[in-house]
Amino acid sequence: MSATTADFKPFTRQQMAQRAAADIPEGWYVNLGIGIPTLIADFVPLDREVIFHSENGVLGMGPAPEKDKIEPWLINAGKQYVTMRAGGSFCHHADSFAMIRGHHLDLCVLGAFQVADNGDIANWATSENDTAPAVGGAMDLAAGAKRLWVLMEHTTKDGQAKLVSKCTYPLTAPGAVKRVYTNLATIDVTPRGFVVTSMAPGLSFDDLQARTDAKLHLA
Amino acid sequence: MINKIVQTMAEAMEGIKDGSIVLLGGFGAVGQPNALIDGLIEQGAKNLTVACNNAGTGRIGLARLMDLGRVSKIICSFPRSSDPVVFETLYREGKIELEIVPQGTLAERMRAAGAGVPAFFTATGVGTKMAVGKEHREIDGRTYILEKALKGDVALVEAWEADRWGNLTYKQAGRNFNPVMAMAADCTIVQTQHVRELGELNPDHVVTPGIFVDRVLHVPYGDPSGF
Amino acid sequence: MSATTADFKPFTRQQMAQRAAADIPEGWYVNLGIGIPTLIADFVPLDREVIFHSENGVLGMGPAPEKDKIEPWLINAGKQYVTMRAGGSFCHHADSFAMIRGHHLDLCVLGAFQVADNGDIANWATSENDTAPAVGGAMDLAAGAKRLWVLMEHTTKDGQAKLVSKCTYPLTAPGAVKRVYTNLATIDVTPRGFVVTSMAPGLSFDDLQARTDAKLHLA
Amino acid sequence: MINKIVQTMAEAMEGIKDGSIVLLGGFGAVGQPNALIDGLIEQGAKNLTVACNNAGTGRIGLARLMDLGRVSKIICSFPRSSDPVVFETLYREGKIELEIVPQGTLAERMRAAGAGVPAFFTATGVGTKMAVGKEHREIDGRTYILEKALKGDVALVEAWEADRWGNLTYKQAGRNFNPVMAMAADCTIVQTQHVRELGELNPDHVVTPGIFVDRVLHVPYGDPSGF
């Protein structure tokens, strides 16, 4: 990303995750996508009970296990070892996706390649001609969760906007995203389009707009 | 701290609106949420659509709710349960609407609602009165009809054990429609014989995970054969 | 039924059930309808392992309990107390009907008002205008089981044929019945129509045909 | 006496035909029937269609089966598992057909096959490449696409416990696709860590009832992290 326009401090990945975590109330059922979204769990204190779901039939995940306490049969959808909180439960894949597709999850947080200001999300393939794209559970989550948030860098490594007026990559779901947390801002997706609710310290609205393809609005 | 366990029947029944679709668990007297049905009678919501396998027995429970004129429609597979006197009188007098649904289609329609499936094809009922007016389609050489999901505003469920997250187990044939209805309603209210500490239920043995449950009331009523 | 034509001994209900029971091989998963079909279980010896299913999520039922050993939560679809064999299991209604509708049951035996020689069965309502007919799981069972047998009296109490060329009562399922056990005969439903495979002692084929609306064939 | 427990891998694999649709349980290395996959490699059936969440890892198991040219088509949600070298090579060379299915649709299509539902509507994939060529329908204000049941000729499943009637339990996340695949195939073959006496499994805790199981092989392999 070009840093010519201003002297500001982008949020780190941990800060992005922390900000999203702060917005999750107790009692929500939440699925965290592979990658940065997974970090969110680290910033939800255990005494604020948020129930984390994983596609592979795990409900009520706790933090990663200590190395000597790994349960070999206890992994999440990212194939990482996890722990189970008191109150957790296991189910099979059809039941697990019934939770997702039946609108029982309060929230899903995914990474994305692009988000459009009508809520479209593209996060599974970077070309119409991708030879063997891997969709996993992303389409189920995007179409099924009550709310979809995206956690991603504001632009690509070479400075291309990821918040766009129209996705150029193949869609994961149309009109699904409700909020985006980036390293530069928090942005709600509303009937008006993208509405900026907070920005990285030192960043101006114009700076943010310059890094964004779609038109931004102030809250 | 998440705590779905409510202390009073009034809390359990709070907000049930007139005109609601209410899913009632149980098969025969087993796994039937009798206390919650009495609570609903007390609560007062009317013009209800009730989905249940039967249409009430004698003059208590669901039959009493109907007798009080609070049920405008019943969706069930078997209105001829033992002693269905209240239902039959109301039905003869045109005071209650009846939708007969094959038992498996009834279960599958609710499971579909819980799983985000708005409609599905089934062979059950093809070539019968049940298929009249329904979309028919031949798939791989057999004819099927299209059935729609049946979603509840409220489900009343009986469980054997529950914890404060709403995880449930059932006892033997007391499971029946209960887990299916629990996942099919916007607000699932449970009466449970036993309350367990969080973590006491084995995660491999939970049948209804708490994600499908909103409120739990402890009703240690004992043996269903008394009903 | 008129008994003027011959001196013969109709099968009793127990004998009807016994004959059907003898035709069920070990290892089959079987659902027995309410009424006479339920008697079949009494004639399958426990050491010939047949696994009985009930719609209300019970798989692996054993005989009725002794009075002092009733489990109040353990009933079958007819609301009778039952026992569980070692190896039995419980499931919920959607899973129980998945067994039925997904063609996992080897056999279902139902009672019926009428069976036609094309396999149509009518067993849930006796008039098109029945005010509140009760279907229960009959349509699921008739459409879903791998095989449907019917166990019923050969005629109504007032001598009307129940084995007909066309059902006049509302259908439970078209073309579903494979075999009928009556108090007079065992009859297979084949592409040729009704084929008689055995008859009550002393009954002639003509006697049987006289009590049957549809044309009968000899095996 | 019913005894679904077989003594040898050859018995477990008997009769699997060329051209079969094979459902492979497991998610990552957990709940994956590794011994049965090796048995299938040995058995020799070819021109297989394999449904599995992933498309094989490294050069063992499913990857080896593909490497031997025995898989003509793979149906999966995530062909980019760790080290999918065999799949990617075959796919680039046009030697294997790929059907990408969203993970929940994959699970639901198999559950549908097991439950006698030949097709169902779902919101997953609407507005994406997955919906191209599929029937669209608006139901109660939302657009859905029609998906068809996915039935297997054979399912290979891993269980934690099994008895001679074929009742199964699973351990933790080892459950995953296994119970769904068990109900979706004509012939379900299980490898189990533990064999239990009939009656040892609590009827309330059985996850896959024996009605969905055809053959059980005792393979006490231990810890899945070794794979």
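Just a few scattered comments:
For clarity, chains are labelled A, B, C and D in written order, and residue numbers in each chain start from 1.
To be clear about the criterion, a residue touches a chain if its C-beta (ideal position, glycine included) is under 8 Å from a C-beta of that chain, and two chains touch if they have at least 3 such contacts.
What you see is a predicted model, and the numbers here were worked out from it, not measured in a lab.
Put simply, the chain farthest from chain C by mean CA position is A.
Looking at C-D and A-D, the interface holding more C-beta pairs in contact is that of A-D. Between chain C and chain D, the centres computed from C-alpha atoms are 35 Å apart.
For the pair chain B and chain D, the distance between mean C-alpha positions equals 33 Å. Averaged C-alpha coordinates put the centre of chain B at 29 Å from the centre of chain C. Residue positions 108, 111, 115-117, 122-124, 170-172, 175, 203-204 of chain B are each in touch with at least two other chains. The set of chain C residues touching two or more other chains comprises 84, 90-91, 94, 97, 100-101, 144.
Contacts between chains form some other arrangement here, matching none of path, ring, star or all-to-all.
Chain pairs recorded as touching, per the definition above, are A-B, A-D, B-C, B-D, C-D. Only residues 26-27, 29, 47, 49, 51, 53, 59-60, 84, 86-91, 94, 97-105, 144 of chain C touch chain D when the two sit together in their complex. Contact residues of chain B toward chain A in the complex are 1-2, 111, 113-117, 163-165, 167, 183, 198-199, 201, 203-204, 206, 209-212.
Every residue of chain D that touches chain A in the complex is listed here, in rising order: 27-31, 55, 77-80, 82, 87-88, 91-92, 98, 100-105, 107-108, 110-111, 122-130, 170-180, 207, 223-225. Taken together, the chain C residues at the contact with chain B in this complex read 54-58, 70-77, 79, 84, 90-94, 96-97, 100-101, 120, 125, 128, 131-140, 143-144, 170-175. Across the complex, chain B is touched by residues 108, 112, 115-124, 137, 139-140, 142, 144, 148, 169-172, 203-205 of chain D.
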